[in-house]
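The two complexes that follow have chain A in common; it is paired with chain B in the first and with chain C in the second.
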Partner chain A sequence: MSTPPTRNSCETIPAHRGRVREGRTVKNLLVLAGVLMFLVWSYYGAEIHLSQLLSRDSFGQIVIYIKKLFPPDFSPAVLQEALKGTIETFAISFMGTLMAVVIALSIVFFASKNLIYSGLLYELEPRQGWKRAARRVPYLAAKSVLNILRTIPEMVWALIFVFLVGLGPFPGVLALGVHTGGVLGKLFGEVLEDVDAQPIESLQSTGASRLQILCYGILPQVLPQFISYSLYRWEVNIRVAAVLGLVGAGGLGQRIHIAISLFLENQLLTLILAIYILVTAVDYLSAYLRRKVM
Partner chain B sequence: MRTVNSTQQYRLAEIRKVFARDQVALDRIVLTVCRGERVALIGPSGAGKTTLFRLLNCTLRPTSGKLWIDDEDVESLNGKDLRRTRSRIGSVYQQHNLVPRLRVIHNVLAGQLGRWATLQSLLSLFKPADVEIARQALQQVGMPEKLLERTDELSGGQQQRVAIARVLVQNPDVILADEPVSSVDPSLASTIVRLLIEISQNRHKTLIVSLHSVDLALAYFPRVIGIKEGRVSFDLETSKITEGMLEDLYSGNFRDHSMTEAISERVQSVAYPSVG
Partner chain C sequence: MKESNPSLIRPSDKSFFPYIFTALFVLAFVDSWRRADIDPVVFFEKKGQEALWKFLTGMFPPDVSWNFISLMLRPALETIQISLWGTLIAVAIGFPLGLLGTHTLAVRGILNDAELQGAPVRRGMRYGLYFLARGLLSLFRSIPEFVWAFMFVRAVGLGPFPGVLAIGVAYGGMLGKVYSEIFEAVNYRPLEALQSVGANKLQIFFYGWFPQALPNFVSYTLYRWECAVRASAILGLVGAGGLGQQIEISMRMFNFNEVLTILIILFMMVAAVDYISAKTRAML
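Presenting the complex of A and B:
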């Protein structure tokens, strides 16, 4: 089958755009009722008891705990430990994201239909069904690998890797890398399947090979978005990296876990402040860099 | 193999192209274009000019019929041979010829891709090879100063000239252009058409240009082919074309400024052949 040309033509107006559907209000009301029922069901399903949270008793508990947090412990030993944790968390998020980019890039080209077996690059191929079918195998394999990586949450990966390689920042890096690799793979794949086909056909017409078209036509189109998505995931990962320590995967989280367990509330506040500063700084840095590349 | 003594650049026999099973874009096209000829294609939008253009530059296969380029049956071409044939045909599209984020020099040097090895073309993105060739090509289209600018910062007309510079670098036997001037302003249109004519004359290249403007076609081309509803409506020396033929070619179309429902539907279905 040959794919027909896709060309944008502004002069074609989608038909029946303004047609008013009858019974729309009834349908809307039904949807609204459904959403409300779902909300109520979830409220009870999640065992939310606002009354409990707001009761004098627990409210008093909260106040007492907050009072205990103050003043933050700024003794040199604690500060040094917080700094070490901050650097570790930063390193975990950075290395994790880097690993994710490597994983995503090595898989994503197989997971995009238009690159691996259909679309412009294969348009002129003689219709050899088995070739097409054979290319579906790496495609489906890459897709499922990405899905598995992505759907298993970082925390679960962290638990697995702590079990496999022991406590410390390394399992944190692996957990972030593997999960984010799946996420970025999906995002990159969507970018790839969205490339403007016209310049690619134009390159094709010069006699360029598929690899040359990749370098000249596809990568220049997608790289800025790849970078932007990677930076955004780095922002997400710095927050995740701060939590991963709770399951023993290093960084500030691990120290927070210890501080909570040993009732060292003043140290806890110092660590929370460290997270706040780190996350804010990375957010700004990443937002700045993303503005630069786009 | 390529037979050099042949004078036929293109031979089309009963070419038919059908999209999405029932959208007939081209029907029973029979054509011969000789080496070094200059031909204009005219006809209403949706007539099949672009489809024909894509068949001629080997980015689309006909549904049925035979297409020979230099006496070579295109159907038999694959992989390397197909790319070699494509590299002998230079294409200028209506627009979006170029990769917007690349610098002008890389878009111009993309004309070399058919000759370059993969590694060489990759390295050229970092350190451009053949800077002089690119500069000369841009010189010929009259904008050497744009060499290092980013392509998306150029105007539509400038981008069209960059596309022509790429064809110059490619140095093909045939130059094809699909409505190369319909997205540039009218004062520039004849400049660009003249540029194409000049290149084909100086370097003895076959030139096939589809044009929106009948005036440009009649003014600059010795042979004009009219295409309507996927068929050749006429194929004549310019001097033999009558007003009546043109009326007939565009009848029911923009000549009387009222597109009938049926025609606008047909245009839609050609523009979006994959939908439905």
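Presenting the complex of A and C:
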């Protein structure tokens, strides 16, 4: 069983590993020169002022800003507001992830090749070209829907849903659900295309129908990984839910937006602490549940 | 799946967990539903449907006039530039902190065993540094890059620079953590061999440790760069340059065809960066 990706990776797991090949010095130097030029160009393009940043003037400004953050404002009213925001953020991430699981599960079975048109399940079927082609249509449609959902970032979805349903936590839930639905759809699909064929074969040899094979041969294999991936995306989503409010989608982000805009630095620190505690707690909870499942 | 030795599993654990879990899940579900103001009916009401229709019809056809695209060219390039320098700063922050936060490098293991034996004060100081580095990394990565960006906009002003700093700090925390995991996972044989021939610490590090970690190190950094491109594209929503700012402007002006164009540009950019990064990784 493959381990789930590290918690901070944004979508998929990097594929790598190999060996450094030798003896391409000239090419390497050229590449290096190119990269350096690229960096210099970026330095000016991104209007970076590292020297200025390290100068006493603006470094002092940052120090002053940090000093303003302290001490965090622990007055009852602020604490209550922070608590409310924390619970709301939790609710957004929870409902968003659930919605994502529902979306992913309802699409993914059409988006994995071995379930929809090729492989063991379809070997015995008479090779009628048009039937195969017809099966490809839902496959391609499901794949492209997942791609679209996944490509548009959560924050942009949030902007769109704020326009569609108005301000508040609900557009945040929709944004998380739709984007994460695309991501989970892709991850689930990879798991499905990767199942062990032996149980399927033995079920097939006993004359099980395709639905029965799906329920008894495939789902039990993939379920632990589905749950594990969903928990992992929940960890990512709690971080996103904490900032969705910056575009008007509720949660702690909304309060942070207000605190920053009104120069209430002490309250800001309280809210940041709340994010820190919430994120850490959810990480532990998710790790605990993952251990239970795997 | 864990189902090894039945005698190791305590029965109380097994029997209560599902019930407690289900109860908590239902509770969280009901409470979250209420708190998140979930209201699916909106999409079936006239107002919601009108908004949806306006949005969908407004998107097509995408605005591909040269006028608009040439206007988007600079923010698109800016996004790449932000991600590049953000990742560089992240490496500059993550590498030293990651080293200090590596248990086997900072406090234990063959590099330190001989030196710290019977020197509790020095060992204590090393532990202090170790926990400081770990704490900083965890702080850096727990605060989302958006909040960092927002604070840096306040501290250094609008523009791409706060975006660079935000990505640098937030991703520095993530990179540092992963770097320390990579450093912990090296094979110890070469290190011991080096030590036995009398290499000093620096030599052990550069000839034994670093070459082993380098491929994973580069690969993970490249992968983070891909994430940084996505992040810097939307950091503009809080005023930190790049395409995000344009998305927000177009969205606020209800020019949905422009939004679609920007999303297409974003898609192509991300795909290109993924391709470059995958190619580079394959070369490793």
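Criterion: the second predicted complex is superposed on the first by the 245 of 294 C-alpha atoms of A that agree within 3 Å, B and C clash if a C-alpha of one lies under 4 Å from a C-alpha of the other, contacts with A are read in each partner's own complex, and residues count from 1 in each chain.
In this text, contacts are C-beta pairs under 8 Å (C-beta built on N, C-alpha and C of every residue); 3 or more make two chains touch, one makes a residue touch a chain.
The structure presented is a predicted model; accordingly, all values stated were derived computationally and were not measured.
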item	value
Touched partner set for A:163, first chain B, second chain C, both or neither	second
First (chain B), second (chain C), both or neither touched by A:264	neither
If touched residues of chain A are counted for chain B and for chain C, the larger one	C
First, second, both or neither for A:224, with chain B first and chain C second	both
Touching partner for A:91 - first (chain B), second (chain C), both, neither	second
Touching partner for A:61 - first (chain B), second (chain C), both, neither	second
Touched partner set for A:204, first chain B, second chain C, both or neither	first
Chain A residues contacted in one complex by chain B, in the other by chain C	6, 9, 224
Partner chain C, residues of chain A touching it in the complex	1, 6, 8-10, 14-21, 38-39, 41-43, 45-49, 53, 58, 61-62, 65, 87-88, 90-92, 94-95, 98, 151-153, 155-156, 159-160, 163-165, 168-170, 172-173, 224, 239-240, 242-243, 246-247, 250, 253, 256-257, 260, 268, 272, 275-276, 279-280, 292, 294
Contact footprint of chain B on chain A as seen in their complex	2-7, 9, 11-12, 123-126, 196, 198-199, 201-209, 211-212, 215-217, 220-221, 224
Sites on chain C touched by chain A in the complex	1-2, 17, 28-29, 31-33, 35-39, 42-43, 48, 51-52, 55, 77-78, 80-82, 84-85, 88, 139, 141-144, 146-147, 150-151, 154-156, 159-161, 163-165, 174, 177-178, 214-216, 219-220, 222-223, 226-227, 230, 233-234, 237-238, 241, 244, 247-248, 251, 254, 259, 263, 266-267, 270, 278, 281-284
Residue ranges of chain B in contact with chain A within the complex	19-20, 23, 50-51, 54, 57-61, 78, 82-91, 93, 95-102, 106, 110-111, 113-114, 116, 118, 121-122, 125, 163, 166, 170, 267-268, 271-274
